[in-house]
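Have a look at these structures, which come just after this line.
One chain, chain A, appears in both complexes that follow, with chain B as partner in the first and chain C in the second.
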Partner chain A sequence: MLNEIFIKPFVDMVEAPDFLMQVLWEGLVSGILYALIALGFVLIYRSSRIFNFAQGIMVVFAALTLVGLHAMGVPAWICVVLTLGVMFVLAVTIERVVLRPLVGQPDIILFMATIGITLFLIGFGEIIFGGENKVMITEQLGIPTDSVLLEPWGGLLILEQKDITAVAVAALLVVALLVFLNKTRMGRAIRALGDDHQAALSVGISLQTIWVLVWFIAGIIALVTGIAWGARAGVSFALEVIAYKALPVLMLGGLESITGAIVGGLMIGMLEKLFEIYWGQPLLGGNTETWFAFVLALIVLLFRPQGLFGERIIERV
Partner chain B sequence: MKHVAKLAAAAALGALMGSTALAEGLYTPNLAYRTGPFAATGIPLMNGQADYMAMLNARDGGIGGVMVDFEECETGYSTEKGVECYEKTKGKAIVTQPWSTGITLQVLPKTNVDEIPILAPGYGFSPMADGKVFQWAFNAPLSYWDGASIILKFLQDQGDLSGKKVAFLHLDHPFGKEPLPYLETKAEALGFELLPIPVGLKEMQNQSAQWLQIRRERPDYVIMWGWGAMNAGAITEAVKTKFPMENMLGVWWSGHDADLDIVGEEGKGYKSVSWSFPNPDAPVMADVKQHVIDAGKSQASADELDGVFYSRGLVISAILAEGIHVAQEHFDKAEISPSDLRWGLENLDMSEARLDELGLTGMVPPFSTSCSNHAGHSGGWILEWDGAKFVKASDLIMPDSEAISELELSRAKEYAEANAPWPVNEDCKM
Partner chain C sequence: MLYRTAGQFKTSYQADQALFPVRQDAVLLGVVLLFAWVIFPLTASEFAFQTLLIPILIYSLAALGLNLLTGYAGQLSLGTAAFMGVGAYACYKLVTLMPWLNPVVAILFSGAFSAGVGVAFGIPSLRIKGFYLAIATLAAQFFLVWLFEKWGWLYNYNASGAIQVPNLEMFGVYVAGPQASSVVQYFVVLAVVTLMTLVCINLTRGNLGRSWKATRDMDIAAELIGINLMRSKLTAFAVSSYVVGVAGALFVFMWRGAAEPNLFDIPLSFRILFIAIIGGLGSILGNYLGAILIVGLPVLLNTLPEALGLPISSATVEHLNIMIVGSLIVFFLIIEPHGLARLWALIREKLIIWPFPH
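On to the complex of A and B.
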């Protein structure tokens, strides 16, 4: 047994390095998408202390809007612009109808409100678009769908061009977000709200504007995530489940940390894949991805309750 | 005093309405799942079921002159919600249609007490086929073990399975695990290596780890037991990893046109076992079109009507309607009770001639049930994706009844012993 745990997995990695690279690549693709979803959570949490339970359904709603508009005969890229418009309207509506009346309420009330938003979007989405599985308009958006076959060390490494595109776009979006948050006035305002709510308000930062902005950014993230995941296995309400994979990322990286979301997402994506392939499948019958990330996050929380990159908050009692 | 009078009046009105409701029709609730991760599979099935009953109501004024009260209770394929739906609808129901193996397993003991038949065509717990032990449960026209047996027989026709490796890619859920006992038995008997690969509910759309395992293990065949979003996830990964599609076969819930549309031409050669097949020329289709679709009473979209799942939904309701009809004839009354319906479902004779009479020509294989045989063991066809639709790739293949029956009896006995005291049908002498 000790051999199976401590030696064989590493021997397998060395004996089939092409396969190891494939595992790492698949982990990277999953990881960057987890990171993207986690960023959506973090941005909203930082600016409003709201844990946005609706992030998953926003992914579904954005993807469904995109394919739904295309089914009505609208050209693909116009659909993207219109979908962004819909996500903006959604952000404004959420701020006006749900969040504004709840300003000053305890965090748990705002969290419950996002559960309400989730339930509303599920019902509304099903009425408008139906629950059937739909095909993502991958080719119409110009996303290549072929595979790149490489032969490292005489083996085989399959890289799907749509995965490469997803990784590239997600990485670009992450960089763009970091630049926006660090170099622009609005970005700094979001960070200021995260650092000290009262102080930010006292210097004239508009809570309403920032909330609309962060929910809209979460909508953009949802659209990119929806396109990337939808291109892999179609667009359906099952996509919502994928957002829950971001929860251990947040636990691991810290709920307020943008760096944590990115590093946590990549770590979980790659480690859960490595563990599943080299330990989970041979020793535990597989399907360890369901729990691995949570166990990893739990171990981290035992030593760092605020997560790897979260802020240590000491509250006086 | 005024309040008491009001309450009495309300109670009288309620009693009147209650009795009217009972006389309104044959209440046949369906624990539907049009929402959630499995909705893509559920919607066409539910539409087919509802449309068949709507057609009977419009064309014939119901069954035996009594309208069918076909109501859906949404479960989202969640076992907890399914049990709630069962409890909510059981009061006046003559049948329950649980639509998930998880829900079926939960309501199975309850139906013994409530004495309501479970109709689970082609799903649920396979030993339910043993009608003596599971007197209130029906999985006709065939069980999951029948399905697994048909798949293995088809593979054996392609060549000896001895020494081969067969991956079993399945949803990590009671439904997905259901055929494992049969497959394990047959793996030992036929000498092939069975490699179970579970897919978690959260991993349905991201099965890269499962398909990396398939790439590493290089199985000769992949048998898929998928439902909902798992199907599209698996098929896209199979295409991506260049697994030969002709060596991949799914259960009947993994043969949905919309799942294959995602890969289109690249999915060519993928197969699925099926106990139903769409026949656009069948008389029932014309009746559904005339009385339901054209009348604007259907929720189905136009491109759904020729699909495998819509057609299967029609067949499922036809089985229930036939059970009701048989019971009405036998007991010589139109308003039947759940226990009457149980008799009807135990005495189905869906012969070729009867299927023709019902307008279901070619849409389901002939089968019959009895008090000891609640599955019918109809046999099934292998369907193949031709790049645009499913076509028949085999004649009717019958399951290996001998091996299945042995396993059914032993597992049914085990279940009854584990849940003792479990009432069995002592009157059934077959």
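On to the complex of A and C.
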């Protein structure tokens, strides 16, 4: 038994390094997608202290809109632009209808409101686009669908080109976001709002504009995530479950930290794959990916209650 | 005028602290209980029992359990459904291992297992707070549902992987299983729910409840005035999980009749959280109002298009349902973030001074 837990998995890893690489790559790709969703959460949380549960459904909604528009015969790239427009309208609507009346309410109320938005979007999306699984318009967007074969250590490593594209686009997006937040006027306003609402308001930063902007950025991230994940697994409401995965990613990385979201996402993506392949399937009957991330985050939180990169929690009476 | 409190003098501290200091409240409750215990069982149809009365009671009880933890002790939990599952599976094991056991005793006892699991997952709450804690409860949610699926002993290794409620007798009457009648099940549920509510009301008014509220309002301050946070938080998890576990056992044994692991998945947790929040966090009454709304609304929406003769497919109705529930949640949060219970409290205030404006 001890051998099965502590020795055999590692022996397996060393004996088949190409398989280990393959597992890590798969983990990395899903980790990137978790990180992207977590990034959407972090942006909204930092600027408004809203724990946005709707990020997952925004991913689905963006992907569905894209595919739905294309099915109506609109050229692929115009679809992307139109979808961005839809996400902007969504951001404005959410800000106007839901967030503005709820300013200053306790966190849990705002959290519940985003769950309300989630339910609304699920129902709305199903009525408009239908619930069946759809194929992402990968080729029409010019994303290569071949795979690259590498042969490290005489083994075989298969890298799908769309995964490579996803990783590259995600990296670009993160860099662009960091530049935007740190170097531009708007970005600095977002960060100021995150530090102190009242102080930011008093120097003339508009809360409403920033909120719309932040939700719109979250919408853009949702679209990118939707395309990348949809290319792997098709577009359906099952995508929503990846939103749950973003929660432990956030907790692991810390709610306020962009670095944390990325590192947390990659860590969870790779570790859960490793655990599933080397421990979960042989010892526990498989499907451990549903809970592994949460338990991992829980254990980390026991030692660092603010997550790995979160702001230190200081409490006063 | 109906609610005038003038003339009801309190002459002792005891009278002032009574459960119903205002006579009209007691009368109102009496009327509600009369309906619940006498009039509904006499008049309700099979359909009403199965789609409204029994589920409303069970959902209220589950929301009550969650409300003790989230509304009174301030510990956000997203894992309610999993704890219901623990109650249901524990009850199943109890009645299959010990068939002679009285089913109601089994249901009440199965809550204890849920309480144990709840305390185990509540331990992180001593270090983790707020949304971070919600993740600890989500860990419970996903892990336990996975366990229900993989641990064959829990469902006696049957091929379907689901638990089937056997026929259970109590005093010569079937109370659970395919042969039980809805009226009997309704009475069992009602009795358990009434008992639990009474216990919970008194718990929240007592020493324990006050320490929970202090913990909720500001835990560091509570610790400074001498409240043992560990005791306060863990008892909240234990009592809450107990009530939720009993609700879970009732859910399967008195209503669904069978359960698969994914029945206890996260949508059920959210459903109960909605009930607690729309009803009002930190209130007992709110759970019932919330459950009536959340359980009753889809039933109403399902029957409405037919009654009006509108040709809408059932799939569309279901999606419309989700949409409407979602917007209602947002709507209620905007008009009254403290829930339906606060709405009732405001109406009651108005009634007391009516017809005078002040």
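Throughout what follows, the second predicted complex is superposed on the first by the 317 of 317 C-alpha atoms of A that agree within 3 Å, B and C clash if a C-alpha of one lies under 4 Å from a C-alpha of the other, contacts with A are read in each partner's own complex, and residues count from 1 in each chain.
In this section, a residue touches a chain if its C-beta (ideal position, glycine included) is under 8 Å from a C-beta of that chain, and two chains touch if they have at least 3 such contacts.
All figures in this text were calculated on a predicted structure; none of them were measured in a lab.
Visitor: Counting residues of chain A touched by each partner, does chain B or chain C come out ahead?
Guide: After superposing on chain A, more of chain A is contacted by C.
Visitor: Touching A:126 in the superposition: chain B (first), chain C (second), both, neither?
Guide: Once the two structures are laid over each other on A, A:126 reaches both partners.
Visitor: Give one of first, second, both or neither to describe whether A:98 is in contact with chain B, with chain C, with both, or with none.
Guide: second
Visitor: Applying the document's definition of touch, where does A:210 land relative to chain B and chain C: first, second, both, or neither?
Guide: neither
Visitor: May I ask you to decide whether A:244 touches chain B, chain C, both, or neither, giving the answer as first, second, both or neither?
Guide: So A:244 meets both chain B and chain C here.
Visitor: Could you look at A:167 and tell me whether it touches chain B, chain C, both or neither (first, second, both, neither)?
Guide: Touch partners of A:167: none, neither chain B nor chain C.
Visitor: Using the superposition on chain A described above, determine whether A:285 touches chain B (first), chain C (second), both, or neither.
Guide: In the superposition, A:285 contacts both chain B and chain C.
Visitor: When the two structures are overlaid on chain A, which partner does A:37 contact: first (chain B), second (chain C), both, or neither?
Guide: Neither partner.
Visitor: Examine A:107 and indicate which partner it touches, taking first as chain B and second as chain C; both and neither are also allowed.
Guide: second
Visitor: Looking at A:223, would you say it contacts chain B, chain C, both, or neither? Reply first, second, both or neither.
Guide: After superposition on chain A, A:223 lies in contact with neither partner.
Visitor: Taking the stated contact definition, name every residue in chain A that is touched by chain B in one complex and by chain C in the other, in rising order.
Guide: 122, 126, 131, 244, 285, 287, 290
Visitor: Any idea which chain B residues touch chain A in the complex?
Guide: Within the complex, chain B touches chain A at residues 34-40, 42-44, 172, 196-206, 208-210, 212-213, 215-216, 228-229, 232-233, 236-237, 240-242, 258-259, 261-262, 301.
Visitor: Can you list the residues on chain C that touch chain A in the complex?
Guide: 70, 76, 124, 127-132, 134-136, 138-139, 141-143, 145-146, 149-150, 218, 220-221, 224, 266, 270, 273-274, 277, 281, 315-316, 319-330, 333-334, 337
Visitor: So in the complex, the part of chain A that touches chain C is made up of which residues?
Guide: Counting only chain A, the residues touching chain C are 51, 97-98, 101-102, 105-109, 111-113, 115-124, 126-127, 131, 244, 247-248, 251, 255, 284-285, 287-288, 290-291, 294-295, 297-298, 301-302, 305-307, 313, 315-317.
Visitor: Quick check on the complex: what are the chain A residues that touch chain B?
Guide: That would be residues 16, 19, 22-23, 26, 29-30, 122, 126, 130-133, 135, 147, 158, 160, 229, 232-234, 236-242, 244-245, 273, 276-277, 280-281, 285-287, 289-290 of chain A.
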